[in-house]
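Look at the two complexes coming up: chain A is in both, with chain B in one and chain C in the other.
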Partner chain A sequence: MTAPLRLRALFLSLLILVLCLGAWQIAVSGSGATADMDPDYAKLMGQTATTGKSAMPSPLDVGKTIWGHLRDPFYVRGSNDKGIGIQLAYSLGRVTLGYLIAVLVAIPVGFLIGMSPLMGRALDPFIQLLKPVSPLAWMPLALYTIKDSGISSIFVIFICSVWPMLINTAFGVASVRKEWLNVARTLEVGPVRRAFTVILPAAAPTILTGMRISIGIAWLVIVAAEMLVGGTGIGYFVWNEWNNLSITNVITSILVIGVVGMILDQLLAQAQRAVTFPE
Partner chain B sequence: MTDRFISVEGISKRYPAPGGRSTTIFEDLWLRVGQGEFVCVIGHSGCGKTTVLNILAGLDQPSDGAILVDGREIRGTSLDRAVIFQGHALLPWKTVLGNVAYAVSSRWRSAGRQEIEARAMRAIAKVGLAGAEHKRPSELSGGMKQRVGIARALAIEPKILLMDEPFSALDALTRGTLQEEARRICRETGQTVYMITHDVDEAIYLADKIVLMTNGPNAKIAEIVENPLPADRRQGDIHHDPNFYAVRNHLIDFLVSRSVTFRDAPPAGWDPRHPPVVRLGSAAAPAAEPASRAA
Partner chain C sequence: MSTFDDPFTPTRSLSRRGCSCGAHGSEAEHDRAAALSEAERYGRVVEGAAMRAIFPEDAGRRAFLKAVGASTAVAAVSQVLPISQVTEALAQGAGALEKRDLKVGFIPITCATPIIMAAPMGFYEKQKLNVEVVKTAGWAVIRDKTLNREYDAAHMLSPMPLAITMGAGSNPVPYTVPAIENINGQAITLAMKHKDKRDPKSWKGFKFAVPFDYSMHNYLLRYYLAEHGIDPDTDVQIRAVPPPDMVANMRADNIDGFLGPDPMNQRAVYDGIGFIHLLSKDIWEGHPCCAFAASRDFITQMPNTYAALLRAIIDATAFAHKAENRKQIAAAIAPANYLNQPETVIEQVLTGTFADGLGKIQKVPDRADFDPFPWESFAVWMLTQMKRWGQIKGEVDYAGIAKQVYLATDAQRLMKEQGLTPPAATSKTFSVMGKVFDPARPAEYLASFPIGRAS
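Up next is the complex of A and B:
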């Protein structure tokens, strides 16, 4: 008798987690007090020298820090010292805004490209040229023209999330099955109704795939963008804590960024499942 | 007028071929279908049957010639001509009811939701799918999907029903049942039907007239066989009818050999504008006689 696969996988995951945390703990813990050392020198150097303790925090230190952040995520103590919750809210706000604008642009334009071979060919060189540009390369131009670091980050999010959605929408729309379009034609369905009742539902799974890729990229890029422009946001928080040499906070941020990215991806995956139809 | 409800007038279809030339799929087809007639088209794969049906539906255009329906030339698709597609072509994200209601709401644009659903439900019941209206196409068997396609076509009360091998993907038992139902429904409503089939027995059971097309390219309408079987024929025992084998042999002979020889060397006096009407069996003269109705 074997336990279900899910249960066994869960057990294995926990085991790997415990092993990793254990290895981490052992790697960073010190060797105990070092015997003969000038007490004044030891005092000067702190724990690192006296007990051989590594500068890397232990899992327990990180745990404590996370707990501290969780207890009070929204504190504000001056412009350079805000809770991790507030920083996350800034980043999420920018990502949401830039992403939504990208949706509003990419889906109609993608429809246009997918439905009109002429427009598809006309716009193709622009897409091919602009798509491979790293979104951060737009940052100086954005800062120069917009003159606001927050809006510039939103613009960068927009630019990086627009391409996958645009290309997927165009592809999804262009590959709607001919027979479904013929059904609409024989029923004398007008172009607008056809777009909403046949093309959109048929292309929705492909469009959602693009949207899911885009949200992933947007969340990757926001951290880098905020490190670059500073001020607020989870990216700035990471950079700031690095300047403070607070490795615990850096590790905490990495975990938080990972968790939020995972949640965003799962939300889109949920939406994708909702529009997917079995054939 | 009613014996010329559909009038196919000299249509051809050509596609460009490599070398700047063009391939002629079929050429100079003439055909008349009367109101309430059930016509089956038989011919080998690639001779252009689907192309003719698509032109009738308005989904495709002929390179030459025209088709008139009720005296008016076909320009584009129309709700008066419903198509039952070979691959059923149901919208997989809609339920059975949703698929049929989509057609109904396209026909009666200002109708209320209740009226649309009532009409859709009546069509669904007519094909024997009552109770399955909230299922999605993926949850249906092949026969059930084809029934939904029939319900969708009938629900809009078309003047002409166009069917492209509607039953060919089904098992023999389901096919038999569906043929029977299709014939009953079409007879009850006096439906004009243009249907493509590869199945000789199906054509003999369903059709009033069977149109024989030669092989492609350069396919022609060779002749039109009138079905000598009684109108009240029953599917289980058409093969007991004294005329059954005469018709069947004639059709099979055509498919096996004459479909090629006819294209390459049409018999003397054969006129594409008036393809001969063949009446077989004890009641009529055994040989073909040219149709001589004036245009």
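Up next is the complex of A and C:
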């Protein structure tokens, strides 16, 4: 008897999860040698020092912390202490804005490059040079020239997420099948109409692949940018908890960042499926 | 007598000790009971000053008032001195705030205590300011955000405004230090494995961390090492590491020690990673550490807001200076909104009763202290060290830059206004590890060190 593949994969996933959590729990449980300490002195010390408790939290601790955050995600206790929901909203807001600007720039420029081999050749060195630059390298320059940390992080998202979209759009547009373009030409379709009714639908799957890569990059970048700039956002939350050496909260935010990134990716995967066509 | 009491009441004492009318437990309570409008308060300040000048002896004033009555006395004094006009002038000068909603940046360390606590404990509010204190990730970011005017003023390391003004490590922008925040309160923390290497001479090859290149921490650590014959540039490695990274790096065995701000020293002890080798007060008793910094533009464009903000900071610093307030302050600044540390860690730092990491409880009440006065000689010393370690080159106008950046005269004026007693001078001599520093002779001082990069 063989269960369907999906079921078996699910079962295996669960097994891996349980094994990992189990190993983690065992690794961090058990306290080391309890040091001999004057009780007055011990009162001034942390648990790691007094009971030899591992500084790593157990999965149970992390679960409890996650539950605590989920129960009250939107609290505001002053300008530097806001709930994880609010921080996520800030980050998502920045990502959306930076990403949309990138879309607005990348797709028209990509069209231009894809439709004109001359422009493609001319712009290629610039794209190749700027594409691999890390977001953190842009940050000081942005802070210095834009003089506003909020806009700087949006700019960094823009500049980092624009390249995959640009390249994919150009590639998609350039590789539209010659026959279709020739048919359009025979029917004397104008260039604008040709772009929208022939090239765009044909290149859409490739463009969306680029957009999907870009959203992943944008989400990566925001965490780094916010850690650097501080103030608000999920990146700031990680930094603030790290400042407190609270590994539990850092792990919690890693999970949250992962889940949100996955959701963003899935949204674009849906969109991609919607525009894919059978040949 | 409180600054705001009516000096024409014969039963009031003019001395500044205790509650002035005897009916209240403390002067603060007295003040609340005698709440006056702002205009009235300024009137009282002027009248009080006039009466004090006329009657240096309180007994004389009382006799005079009893003999002629208060209203006659007011009329008589007003003839000589136009009290109402003076009052008006003073109220206008300190009145209209150009901007109420301010943003002040801080780094989450105990050095920022006055700036932080002024928010939850209402010191800003008292000056009618609505200040948002914003936690910031690092020194370079706080510098850039203040230069960008996202922050109106900020918590900086006390050498930073000097460096910014001179354009070391950034574009030159005229910057100022209206007040120092804290004195002492730093420490050299070493990793547990160096428990037995307490002699700095055995530290060759160590990797140390300091919070920033332009920091007292850097200069103090270099000074301390050099005094023990260790060249800080060639014999050891000194890296700039943000404070929260220090403990994490020590745990990961990346660094052997750090001269860092609290609470990181105490946090390393709390987590059993390191021990406190030496408090910075034992290198230089009463050294400045962090400063309250603002651009010169802010001061010239918004003089009233600047004065109000500085009054709040000076007030808060004076409050933090008192040992009996420290526990309360620790509770106010430990939560996630501010320092985000266990309360006991902050309390140990501020009260000076702390675990040293080697199994002993030490009691050093002045481990961390708060004193707002921006001595110009502090700035001169920092400049000598910047030159000593090659951060600035060429001829340095020590006294000129110190006077331009460290606003000792302003602090004197505002401290007097608030009934505090500022020092009469703006410069003083002090000694660092037993070596006397004379601010009038910085060049000789610099030349006296065998180890250094000054050319």
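One rule holds for everything that comes next: the second predicted complex is superposed on the first by the 257 of 279 C-alpha atoms of A that agree within 3 Å, B and C clash if a C-alpha of one lies under 4 Å from a C-alpha of the other, contacts with A are read in each partner's own complex, and residues count from 1 in each chain.
By definition in this document, a contact is a pair of C-beta atoms (placed from the backbone, for glycine too) under 8 Å apart; a residue touches a chain by one contact, two chains touch by 3 or more.
Nothing here was measured: the structure is a model prediction, and the numbers come from that model.
Asker: Once the structures are superposed on A, label A:N182 by its partner contacts, choosing first (chain B), second (chain C), both or neither.
Answerer: After superposing on A, A:N182 lies in contact with chain B but is clear of chain C.
Asker: After lining up the shared chain so the two structures overlap, which partner does A:F277 touch, if you call chain B first and chain C second: first, second, both or neither?
Answerer: A:F277 sits against chain B, while chain C stays out of touch.
Asker: Based on the superposed arrangement, let me know which partner A:M227 touches: chain B (first), chain C (second), both, or neither?
Answerer: The answer is second: A:M227 touches chain C but not chain B.
Asker: Does the superposition put A:F196 against chain B (first), chain C (second), both, or neither?
Answerer: neither
Asker: Touching chain B and also chain C: which chain A residues?
Answerer: none
Asker: Across the complex, what residues on chain C touch chain A?
Answerer: Contact set of chain C toward chain A: 108, 120, 132-138, 140-141, 144-145, 147-150, 243-244, 247-248, 251, 267, 269-272, 335-338, 340-342, 344, 348, 354-355, 359-361.
Asker: Show me the residue ranges of chain B that touch chain A in the complex, using the header's touch definition.
Answerer: 57-59, 77-79, 81-83, 85, 87, 89, 91-93, 102-103, 106-107, 136-138, 156
Asker: Which residues of chain A touch chain C in the complex?
Answerer: Contact set of chain A toward chain C: 37-38, 40-41, 43-46, 48-50, 55, 77-81, 140, 143-144, 147-149, 227-231, 236, 239-245.
Asker: For chain A, which residues are in contact with chain B within the complex?
Answerer: Listed in rising order, the residues of chain A that touch chain B are 179-180, 182-183, 185-189, 197-198, 201-202, 275, 277-279.
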